[in-house]
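Please find the structures below.
You will see two complexes here that share chain A, one where it goes with chain B and one where it goes with chain C.
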Partner chain A sequence: MNLTPVQFVAIPLFAAFLIPIVAKISKEAVKYIPGIVFLYLAYVAFTLFPKALEKPIVEIIAGFKPPFGIVLYFGPTAAFLVSMVMVVGFVIWLYSFKFIIREPSEKYYMLFMMLITGATGIMLTGDVFNLFVFFEITAIAAYSLTAFLRDKDGAEAAFKYLLIGSFSSTFFLLAIALIYSNTHTLNMADLAVKMQNVDVTTKLFILILFISGLGIESELFPLNGWAPDAYSQAPTPVAAVFAGIVVKASLYALLRLVFLMFNWSEVFYLLLVLGVITMLVGEMSAMRQHQIKRMLAFSSIGQMGLIVIAFSIATVPSLQAGFFQMVNHVLIKSLLFFSAGYLVFHSGSKDISALDGLGKEKPITSFFFAFGALAILGLPPFSGFWGKMFILMAAGNSHLLLVVVLILISGIIEAVYYLRVISRLYFYKETTKEVRRTPVSGLVAMGILTVLIIILGLYPNTILAYLKPAANDLLHRTEYINAVLGQIHL
Partner chain B sequence: MIFYVTSILVILIGIYAVLVKKNLIKIVIGLSIVDSGVNLLLISIGYVKHGTAPIFSRPDLTAAQMVDPVPQALVLTAIVIGLGVTAVALALVIRLYDHHKTMDINKIRKLKW
Partner chain C sequence: MRKALAILLLVIVGYYFIAIFLNVPFGNKPKGVGEYYLDKTPTQTGAANAVTAIVVSYRGFDTLGEVTVLFLAATGLGAILFDKKGKKRRLQNASIIVKETSRVIYPLIVLLGAYVFIHGHLTPGGGFQGGAIIATGVLLMFMSYRSFETNHGALSWIESLAGITFVSLGLSGLIWGTSFLQNILVGGAQQNLGQLNHLVSAGIIPLIYIAVGFKVGAELTALLDNMLKTIK
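== the complex of A and B ==
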């Protein structure tokens, strides 16, 4: 079979609708479908990756040439992000294998596959309305997954998420309406060319609509009220999906649009300020949380702030650092959510104070949590160290000393609340609880993440070499425009 | 011009309903109204005065006499998405009512920062 980028969208979508049919025949077989999909798509992604590095693959859908039809753009950035989604998706699937037991599992896997369809679609599409459609597919799947456990708080968190999410999509659609009325095109490459003729006030208005629309999903500061509730009430693997896939996809969409259409230095300055505020508010709110999953959710907001800072410095090394930190955050935060999920399961309570002494009763799960916490703090042998180091170096090279100081301060705050949990795990007196076993598939999933974090920490330059084309691809829009539209002189 | 003003007005009415109303169902209705407003705006962008449907139904029709078909295609998709979101929202409202036995959003808010 011919390997093309369209499979990243088509196969998960097909699998999502295949699952309920297969469930009629065998409930057991349903569980394996997402795993097969992820393995196959990871294979496709890694086969196409070298080709995308040489020359971006542009796939024209249904034979309508751009700018009229919809194109999929599989450049280095998209290749990198899609590979990341496939690997993490596979690990999350392994973890959910035994975790989703109470509810009918086919519904979970169906929504999960829909979410993957939307997220890869966001990363690949070259059409701004198509982007909106994929965005909504992701969002609707995410609302339903938040309420998956059918409990009181889950429904409330999902409703809150849905309210904020619908506003975000309204803003997005308004931005598209404005864009279309001014340029009469929806192709992103074509837009990048034609937006130059649009007057500044309209452009600014479109930019604000985009930032408020996509900023909600990518957890930028004033717009991230949904995140802690959704993260803490959704089933654990879903929280990892949010942190690892949904948020990254929408941040990529925002960055792609900004780099293509609004590449003025003031915009990057605005994003830098938003990133710093997001980071500080996220870390400080994390410190005063009593529930472990809420703490992780706020920590995730803080990390997103750090990533936005890296991207808004807008040089090749800073973009590389941003991508590196994205990988870090995906791996480490998934590990933390996974182990926290089982810690909550063992202690029977979501509170941090209930974790006293679990380090002795549940040595392996606690070890994974401690490992993740140390990695995200940025201790040297782990990959978290390099992520922070690269961002600090990039900020230093651009003479943003205040930003450097603030990143270091937020690192200290982070250390306080993570070490607090670790000390409770290991140094507090244990209370007797009924002992439940951690399933093997969960342990394997956490083990894979641990190995990946160590490998990244030991050989950061290997992945950094692959990130350079990705950074160039995002930073220099002429290549993108030329690849989609053919040679056009700006 | 009147189309733009009307659609912005409809959007504002919807936002008012979402922000001020306390009843969950009314909030969901507000969301639908916002959606309709945006759809109206999209349609009016593509409107050409005295234009006809973008179909070559008579041989003497030219492209300049037709309304722009692209916004119509967009609105069709947006309506379907809006329907999906409304359905999920109503399902969540039913579940919230099952748990809390009330529709008042002030009595439900337990999760806070």
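== the complex of A and C ==
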């Protein structure tokens, strides 16, 4: 069997269907399945990466040429994002290993694996209806995982998420219905060509439906009410998947559609404004939170705003910066959620005020949190510095001075609330608590992330060189169209 | 003030929704890919039912996704409603007329469901519809007999094996053919399509639909069972 991109979807599906049978034989064995799957898929991703950089891999499904069948598009962008997802997916699995002790654990691993697979599918597909299907897979796995702990708050958060998420899916589906009735095709490359003949009002309406549908999952400003509740009630590893992978996937989908079909400068202006508001509102709300996981959720919204700003400037350096910040955020926010998960576990309370003096009792976990906090603030030795630096430079080069100022202000707000937590950890008097141990698998997971953050911080230019093809791939749609439709002549 | 704004916004959005969607043509001859599917289905896939050819062959990848969505919904519900002790249904036994009639109808409903998914490539219907019909039969038994139980172990075996069959058929296309989900039994020369309108035709399409039928039937049954059991 040749290594092809479809394996990113087929292998986890096969494994997920296999899990109920394996669970009958040994519940212990089920735990290892997602780890093996992610390790194998990471191998596939890194094998295919160089090929995708040379020439985008377009995989035809079921033997029908585009636009009649479904295609997967594995270009530099997808290659980069999928590799990132597989590595981070593996690390999050490692963290789940001892963290999820609640029954039915085999169902947790199935849902967890499918959540990541759905997000991977969103990044891979070249067909707009197929995108919707993967969107649904991600969403349904996300709803169930939010309520996985089966408490009252979890149920409320999941129900809220379900309601908002259903709106998002409906808008998305209506947009696809409009697209199909106007162009009679669903292939994204074909659409990029044929959407030019659709009249502007309809096109605008489709765009609004897409932005409101995908904006909900990408946490854009007025649409992100579900996020703080879902993040704080879901099991910690799941919150890390939301912040790190699901949100990035839907933002990528939105950007891909915008760059392919609606590349008017006004759209990028709208996205820029949305990004700025999202960032400011997210950071300011984070400052007012008393619970640590809610604070991280709002901080994640703020970071998404920053990433949207980078992408909406729409030049090659700004897109590179956006991708760089995506990696940063995936690594750092996962580290923060991981360490916060154990800090909450040790202190026995979700409140920030309960963390007083934990720095002495739990030095390693607290160190990881402090490390992540300093990294996300953008202090020089860490990767967060380069992410913010690149975005500021890109904004400065495009003469968006107001945006530069606002990013710096939001950085100050960020510093206030993260340093507040650090000072509580290290400089407040400790209260006696029963000492519980952080399992080794959790520490290893956090250790891997820390090492990755340091590497990224020391060699930003190496990563940036790989991001250039990705930025070009997203920015220039002709290459995408030629790669998919090149073999047939319209 | 806020309410007035919300209503104003709704009116504006509603107006554009109606204005745009009224322009969508309905019932015309299909154009674009739709036309292609109608023309090529018999010669490319060998299925007499064009809808099935689209669902299982041209857009089979979407169907695999939809099967997964249902699987996830059932799994998620199972996780949320999980209880170690096990629960019971609240329903009382139905009257003797309902009980006796359901006992007679139940096997017939299951038979109809099986017919619908086995003939999915020939007549209207298919795996999803057939599976749903079977689940309604089980629902009838649930409502008539308080003591009627399904074997959960067997259901999850069916679910898993059917899912594995679907993915394996897809992977077989990757191993022996050129692409995932390729109809390997039909072959490139298009000689093995089978006779149009015969049960043994269209290569892997009926096989996939039979797997889907089993899977959907088992999943919906498990879902109903989970949701009806409310008291400890």
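Here, the second predicted complex is superposed on the first by the 485 of 490 C-alpha atoms of A that agree within 3 Å, B and C clash if a C-alpha of one lies under 4 Å from a C-alpha of the other, contacts with A are read in each partner's own complex, and residues count from 1 in each chain.
The working rule: a residue touches a chain if its C-beta (ideal position, glycine included) is under 8 Å from a C-beta of that chain, and two chains touch if they have at least 3 such contacts.
What you see is a predicted model, and the numbers here were worked out from it, not measured in a lab.
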Q: Could you tell me if A:59 is touching chain B, chain C, both of them or neither one (first, second, both, neither)?
A: second
Q.
Looking at A:326, would you say it contacts chain B, chain C, both, or neither? Reply first, second, both or neither.
A. neither
Q: Determine, for the superposed model, which of the two partners chain B and chain C contacts more residues of chain A.
A: C
Q.
Looking at A:110, would you say it contacts chain B, chain C, both, or neither? Reply first, second, both or neither.
A. second
Q: Check whether A:276 is in contact with chain B, with chain C, with both or with neither, and answer first, second, both or neither.
A: neither
Q. With the two structures laid over each other on chain A, which partner does A:143 touch: chain B (first), chain C (second), both, or neither?
A. both
Q: Have a look at where A:343 lands relative to chain B and chain C in the superposition and call it first, second, both or neither.
A: neither
Q: Give one of first, second, both or neither to describe whether A:186 is in contact with chain B, with chain C, with both, or with none.
A: both
Q. Once the shared chain is lined up, is A:133 touching chain B (first), chain C (second), both, or neither of them?
A. both
**Q.** Set intersection of chain A contacts, chain C complex versus chain B complex
**A.** 129, 133, 136, 140, 143-144, 147, 150, 155, 158, 177, 181, 184, 186
Q) Given the complex with chain A, which residues does chain C contribute to the contact? A) 16, 20-21, 23-25, 30-37, 44, 57-62, 64-66, 68-69, 71-73, 75-80, 82, 84, 153, 156-157, 159-161, 163-164, 167-168, 170-171, 173-175, 177-183
Q. Can you list the chain B residues touching chain A in their complex?
A. 11, 18, 24, 27, 31, 34-35, 38, 41-42, 45, 68, 70-71, 74, 77-78, 81, 84-85, 88-89, 92-93, 95-96, 99-100, 108-111, 113
Q | Residue ranges of chain A in contact with chain B within the complex | A | 129, 133, 136, 139-140, 143-144, 147, 150-153, 155-160, 162-163, 165-167, 169-170, 173-174, 176-177, 180-181, 184, 186, 225, 228-229, 233, 285
Q: Give every residue of chain A touching chain C within the complex, in rising order.
A: 1-2, 4, 6, 10, 13-14, 16-21, 24, 59-64, 67-70, 103-104, 107-108, 110-111, 114, 121, 129-130, 133-134, 136-137, 140-141, 143-145, 147-148, 150, 155, 158, 177-178, 181-186, 201-202, 205
